[in-house]
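For reference, chains read A, B, C, D and E in written order, and residue numbers begin at 1 within each chain.
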Amino acid sequence: MIDVEIRQRLGNFRLDIGFSGGAGVTALFGPSGSGKSSVIKVIAGLTRLETGRIVLDGTVLADGNGRHTPPHRRRIGVVFQEARLFPHLSVRHNLRYGRLFTPGGERRIAEGPVIDTLGIGHLLDRHPATLSGGEQQRVAIGRALLASPRLLLMDEPLASLDAARRLEILPLIETLRDEFAIPIVYVSHAVEEVARLAGKVVVLEAGRVAREGSPADVFRVAADRFEVVSVVDGRLGAPDGAFQLTPVETPAGTIWLNGVVRPEGRPVRVLVHATDVALATRRPEGVTIRTVLAGTVADIPDGQGPSVTVDVALDGGGRLAAAVTRAAVADLGLTPGRPIFALVKSVALDERPL
Amino acid sequence: MPDLSPDAWTAIALSFKVAAMATLWGVPVSTVLALILARGRFPGKALFDGIIHLPLVLPPVVTGYALLLLLGRKGPLGAFLDQHFGIVFAFRWTGAVVAAVVMSLPIIVRAIRLSIEAVDARLEQASGTLGAGPIATFFLVTLPLSLPGILVGATLGFAKALGEFGATITFVSNIPGETRTIASAIYTASQSPEGDAEALALSVIAACIGLAALVASEIIARWFRRTSS
Amino acid sequence: ADQIRIFAAASVAPSLQKIADTYKTGKDVEVQITPAASGALAKQIEAGAPADVFISADLKWMTYVVDKGLMKDGSTFNLLGNSLVLVAAKDDKVAVDFADKASLPAVLGEERLAVGEAKSVPAGAYAEAALKSLGLYDTVSPRFAPAENVRVALQMVARGEAKLGIVYGTDAAAEPGVAVVATFPETSHEPIVYPIGLTKDAGQAAADFVAYLKGPEADAVFTAAGFTKPAE
Amino acid sequence: MIDVEIRQRLGNFRLDIGFSGGAGVTALFGPSGSGKSSVIKVIAGLTRLETGRIVLDGTVLADGNGRHTPPHRRRIGVVFQEARLFPHLSVRHNLRYGRLFTPGGERRIAEGPVIDTLGIGHLLDRHPATLSGGEQQRVAIGRALLASPRLLLMDEPLASLDAARRLEILPLIETLRDEFAIPIVYVSHAVEEVARLAGKVVVLEAGRVAREGSPADVFRVAADRFEVVSVVDGRLGAPDGAFQLTPVETPAGTIWLNGVVRPEGRPVRVLVHATDVALATRRPEGVTIRTVLAGTVADIPDGQGPSVTVDVALDGGGRLAAAVTRAAVADLGLTPGRPIFALVKSVALDERPL
Amino acid sequence: MPDLSPDAWTAIALSFKVAAMATLWGVPVSTVLALILARGRFPGKALFDGIIHLPLVLPPVVTGYALLLLLGRKGPLGAFLDQHFGIVFAFRWTGAVVAAVVMSLPIIVRAIRLSIEAVDARLEQASGTLGAGPIATFFLVTLPLSLPGILVGATLGFAKALGEFGATITFVSNIPGETRTIASAIYTASQSPEGDAEALALSVIAACIGLAALVASEIIARWFRRTSS
């Protein structure tokens, strides 16, 4: 549990922010210069809090009145926006640095798996200066994790990595979140990452909290249609081994996941980009789209642009956003209350549910 | 090698010992002082800084007198150290070390302080977030990254200790075998016309020792730069 | 072995060393000579320096230590004397007549006159006094080049940086690069003396050595170096 | 025209690369540590070439035999992976730095529009140390542009920016490419950026060129299905003002672009992610998907995974990749030669054509 | 203010002038030397470095004597400068400046070199890609970023010039109004039993000037740090 309340001046920039994050990942989202890194620095104790309070698990780390636990006593790990590796130490010693100061009993995170997942095993004897940008960033992630922090702050940790590498590292962060129960504050510009990882999203704009809530709530009203993502709850069915697909059963229909995911019966969350959803007035046939969910049109916001995000109430509960053109809305004569089928390109779903 | 008197060889050996000890003591002391000056904030800091620089501003002889008055056997501090710890600097080679340290302090402190202030504060912050307290951060991050300055400080300190003359001869005199360093030996030799050759020879030797120290420090610096890049 | 620790004005030290080397042979004594500026030595003795014998290059520093009660009563006396001479570079054929007040300034012209720094170098103080008594001080003092020690003054003359120099006879005799142009009349300055004395720490060995310094063997060395008998 | 041939050792890493880039954007693509930044450094002259040659517009800038034009004589602008701003200069002076060394007649790029597009007008009097990560990166882009270089090297220039900001800056890069005719070598992990900007893509892997060609060719066979992108050529039709859509006419059918794009008749390229394409055996009705292209199944690669990238030959020429599940391929009985309809969610297309 | 002789005031004024000029000349010369040592690669670099350090290694009088031999009117370089440019250092205050510069050179060069070597080479590369040649890059990037070292060099140089005595008096003598600096005045005063009070008074003044220079340099440094962050 982290409670954050910050009122601070940085030159002309004013930070006036309050939010709280529970277990799991709290995402800080917002445009460049909105104050995300500044919040990270205050939570870590690297900037002295002017007014407000930072409370972690019931302990006040800082208030505006002189209380200020120094960073090294907070046991809050930070992955900085720039890697900030120690140039005089090898990768190995960078990674082990935090262990020196972690009480024996708290060293919960093992080196081997972290190094493997980050793909930095072949770099251990090198010095940071010769690493590529992405390699540095991966070592920085490893360094923060291996200090087994009580809270992890990550500032765009995957920004300089390729898609494949990113997909490899995300499960590691999920493991920290789930198995090690480390709460994480996560800054990112990538909606998919945030939607996938975060239980809560805090959207900053010009130093203030513009919106806040679950990814489903926050991204359903995002300004950019590419950022609109819905979350649908369901339960894993028996995988189809031959075609390597796994069904997720929901009251509105079956969602097909790429890949075999187990165990059967596990509740899962499925992310659906609004731009991956099409709407049809009857159940389509002869189409490669396999996931078809039944529901009714709940809301069609007014708008000027070419597209509109239609809000669909799924049968049996849950919401799904579909980004469609206003032309199509007119063509099909969509109106609130009308029964509708939502077509989801299953291949665009993510393999690893939350 | 020129044909030097045994006395001259004694002076060379002594100078070497004094310079080595002065470096060994001067560098850690200077590091602490540099850290205090670079990071500390306290009233009277400017004055403190000024006092460290005094040996540069005043003629060495004055510094030597000041040391004689303070640390001589009858001086307040000298008497105290003698009585309570049995430490005597006056007219001992250890006093020559003290003189060399004091004279080179401003130079070494500035070099190290320059390097400490050049260390990227963000790395020290990173160290903090990994659980390292200020002292651990100093030893694991600040100090290693200040190594170039420390090395420069050590080289300058060693060189200065070889050349120091005014403060040394004034504080601990020019006693053969005890406090007659190369610099004092050069002075002694130059007092008679027959001594010119010896003075020149000693100067050349001092220059060679200085050059050797310099080359050694460059090699260490290069090695250090290589491992960290 | 007995150790005799001598704090000696730097200019006396070389001769002293030769005498000590002879004195030591066959005896169970060590002679340790510590040369430095007279003033520094005096203050060091005041600060408790390990000295048995003090030889000063002038009277005032001996007076200083005696006044402070650091010397054995009645142990001080003037060991040596010296003369004050005007020198020029060896190949520089010049002549100066002190009787003629215009002579020295004329020879000097716009050039420099190397002297010891009056306050710190005894030879400088004597030079100042001598020129004053000869009525030459006001004319030539603007052309002074005061040196920190006599050796440097000699070098200035030998190297031609300074036209003339005022040094001790001993210095002129030792430096082959210069020639004596004129000797200052003894009456033009206080007698030049090198007082010697035993400190309160001194033992019998030191007293024996000081006695030896008055003897003929020592005298031969001192004379060879150009020292004179002290005026009483 | 840039001709690059590099054989170089960096510690244990071997770079052995050759490619050439024409006018327009040449993208360097590849996983972290594959050698992209190293190539940039050699082209800029910051690393001395060991063996090979760098030829720009017919001038040999470096060969392995001692010829080495120093960086400042190359007039090659670089946006580094880290911003590398001058810490002692204000943002304004950072931006103007390159102008000092640009001959008067070559100062082709005006300050005002660049500053506006990058959104850094309010930062001009600040020093780099107080800027946010994204702000620094934007200033670095501006600094490189305003030197009016003959060739521009950009190393992940948009990595630390949010999607909205990225969409604002991309047109600026397009302007450089088209109006100022500055050739650009562009490193990025973002398929969309690369596909949109680049005329040519060079894929690096472990220091070697793994694939090379047009975005259409290269991304059609990408390992990760999210990276598979097709390029379809067409011609702009008359926009539908009411719904703010613009048709792109192709022989296989009409592609609907979001937004009004002019002038009518202009040839354009349209990017289609394979994951945005569904296949149907008959022309669907009552669906919000408006873009339907006709063609035949050209190839269905064998594979083990859940999905497969079906290659569709569009009627009238052109190829389109569709990522579908193998289950759907079996269900619909797709085989090479079979006529098919490709359904493209128009809303997932990019508004600004190449 | 203690009751000082007019001579003493002249010495103070002269010291100020000499120290200021020594700093003004010493810093640019040292900057060039530091750059050569930091970046240059040429045979004999170690020797060159060694020669710059000589004044530290040798007793000041030896350095002064070497200057006299080289730059005196009859010295090879001195004669040349005199004949072709009419520049004379011997027995002039300008010679005192030369002595101070030479004596402080090793210290200033090391400080500046330390700062130059601490400049992030990647910024110099960035400057190159923006079209700036090595010289422009040096003046626009390297030099401003080396300002901390240059400032330290200037402070140390100024302080050292105030305190320099042995080389100065040997090279240019101790002529009141021309070459008698505070340091020489202090030394001479301290050599007569009655001179202690004057030596002390002058020492205090020298210390104050040194402290003022130090404080000024700290203020400049702080101002510089503020604008660049």
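What we mean here is this: contacts are C-beta pairs under 8 Å (C-beta built on N, C-alpha and C of every residue); 3 or more make two chains touch, one makes a residue touch a chain.
Which protein is which chain? UniProt says A, D = Molybdenum ABC transporter ATP-binding protein; B, E = Molybdenum transport system permease.
Treat the numbers as computed from the prediction; the structure is a model and nothing was measured.
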**Report entry** Graph distance between chain C and chain D, where chains that touch are linked
**Finding:** 2
Query raised in the report: Which of the chain pairs holds the record for C-beta pairs in contact?
Result: A-D
Report summary line: Taking each chain's mean CA coordinate, chain A and chain D are separated, in whole Å, by 26
Query raised in the report: How far is the middle of chain A from the middle of chain C, if each middle is the mean of its Cα atoms, in Å?
Result: 90
Query raised in the report: Distance from the CA centroid of chain A to that of chain E, rounded to the nearest Å?
Result: 60
Report task. Could you please state the distance in Å, as a whole number, between where the Cα atoms of chain B are centred and where those of chain E are centred? Result -> 20
Query - Residues within chain B bordering two or more other chains - result: 61, 65, 187, 190
Report task. Note the residues in chain D that touch 2 or more other chains, in rising order. Result -> 82, 130
Report task. Identify all positions of chain C at which a residue touches two or more other chains, and write them in rising order. Result -> none
Report summary line: Pairs of chains in contact here are A-B, A-D, B-C, B-E, C-E, D-E
Query raised in the report: In their complex, what parts of chain A are in touch with chain D?
Result: 10-11, 30-33, 36-38, 81-82, 126, 130, 132-135, 138, 155-156, 159-165, 189, 191, 223-227, 240, 243-245, 256, 258-259, 275-276, 278-282, 284, 286-290, 304-307, 322-332, 343, 345-348
Requested in this report: Would you tell me which residues of chain C are touching chain E in their complex?
Outcome: 37, 39, 42, 60-61, 63-64, 112, 114, 117, 119-121, 144-148, 152, 155-156, 159-161
Report task. Could you please specify the touching residues of chain B with respect to chain C in the complex? Result -> 61, 64-65, 68-69, 72-75, 90-91, 169-170, 173-177, 187-188, 190-195
Query raised in the report: Which chain D residues qualify as touching chain E in the complex?
Result: 44-46, 70-78, 80, 82, 84, 86-88, 97-98, 100-102, 127, 129-130, 143-144, 147
Query raised in the report: Touching chain E in the complex: which residues of chain B?
Result: 46-47, 49-50, 53-62, 65, 106-107, 110-111, 113-115, 117-118, 148-149, 152, 155-156, 159-160, 162-166, 183, 186-187, 190, 199, 203, 206-207, 209-211, 214-215, 218
